[in-house]
Amino acid sequence: MPKIIEISTSGRGFFNITRAIEREVAGDGLCHLFLQHTSASLVLTENASPEVPKDLETLIGRIAPDGDPAYRHDDEGPDDMAAHFRTLLAGHDLSIPLADGRLLLGTWQGIFLWEHRHNPHRRRIVITVLPEAT
Amino acid sequence: MPKIIEISTSGRGFFNITRAIEREVAGDGLCHLFLQHTSASLVLTENASPEVPKDLETLIGRIAPDGDPAYRHDDEGPDDMAAHFRTLLAGHDLSIPLADGRLLLGTWQGIFLWEHRHNPHRRRIVITVLPEAT
Amino acid sequence: MPKIIEISTSGRGFFNITRAIEREVAGDGLCHLFLQHTSASLVLTENASPEVPKDLETLIGRIAPDGDPAYRHDDEGPDDMAAHFRTLLAGHDLSIPLADGRLLLGTWQGIFLWEHRHNPHRRRIVITVLPEAT
């Protein structure tokens, strides 16, 4: 059975979960992370500068704005539809090569849970480790 | 050998294929769905409101417009290049954890074939089930 | 252990690496390609028209412009932040079904390394082959 972990977010923003994921995996192959939500993302991005997440927010906010007058779907508020489009663009899962229990990330790659809603949420991630062909 | 299924679309729009995929898979591990096309997408998004797909069309249409005067590639009409960019942004494949023949989707996640061309098409999906590491 | 290959780019643009990848894989299952960088992408797109990559550059340049006055992060120049956002939108990995050593790409799908930086770079790709469930 795959493993499921929960991550709490404090509202819109980037949460570096690289360590949390590393603790859960072992062996060799491919680590797959699947977010069971349509209003948050799992992404790899630059792990060093705190300014990169801020600029990513600015850029995605232009193409997926909160409270756009064209939205028909706003049951959960002005960030509801924006969050769905952000998730569609930025994705909801990651596949990362794994060797001897270590994720083969590049030097500057960090794993982030990107919360797209303004309110805090608990987000569920399904972790599956797949073996390599021998 | 992986399994290949075909889905017919009636032109641009979202087609919920969750049930069609569930019928094809069994066992445990990860289900991979691969669309063999560059002008349609496979996406997970909100499965309850019919207004979400309409708003997603509005939003992506702003950044991947039909018939943009800047396009050099329009061999198949004004939606040709728009469809390629939509595919690049929204993606062409999905990986979904599978347990005991059940896709571990979140409550609000549905699997959609998103047709980006205005004309009807037949779209081929390659389904591969990968076993979990033991 | 997964295989790692390096591809040299001559600066921003699309590099068709379909043949280079085909040479590295064998067997059946799923081929996973993972780019260890946050400023270049791996994408599938139309492999026939040289105009498609040019139009994709035009379109993504509108939503991830170089040298935007809003950027806080520009340590490596005006294309630094643009490259991170392009990578986030276009992705950094691919999963392609494999049968008898052949990638099951659609007729028009080619594998491209999309360099987002203007300067030449060497880019590392981790190749993992995953077996199908039996």
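Note that the chains take the letters A, B and C in the order they are written out, and that residue 1 is the start of every chain.
Throughout what follows, contacts are C-beta pairs under 8 Å (C-beta built on N, C-alpha and C of every residue); 3 or more make two chains touch, one makes a residue touch a chain.
Just so it is clear, the model here is predicted, and its values are computed rather than measured.
Residue numbering shows that chain B and chain C use the same positions for less than half of their mutual interface. The rotation that brings the Cα trace of chain A onto that of chain B spans 120°, given to the nearest 5.
Centroid to centroid, with C-alpha atoms defining each point, chain B and chain C lie 20 Å apart. Shared interface positions of chain A, defined as residues touching 2 or more other chains, are 29, 63, 89, 91, 95, 130-131.
Note for the complex: chain C touches chain B at residues 28-30, 43-46, 49, 51-52, 54-56, 58-60, 62-63, 89-91, 95-97, 99, 104-109, 130-134. Only residues 1-2, 27, 29, 32, 34-38, 63-64, 68, 70-73, 75, 81, 84-85, 87-89, 91-93, 95, 124, 126, 128-131 of chain C touch chain A when the two sit together in their complex.
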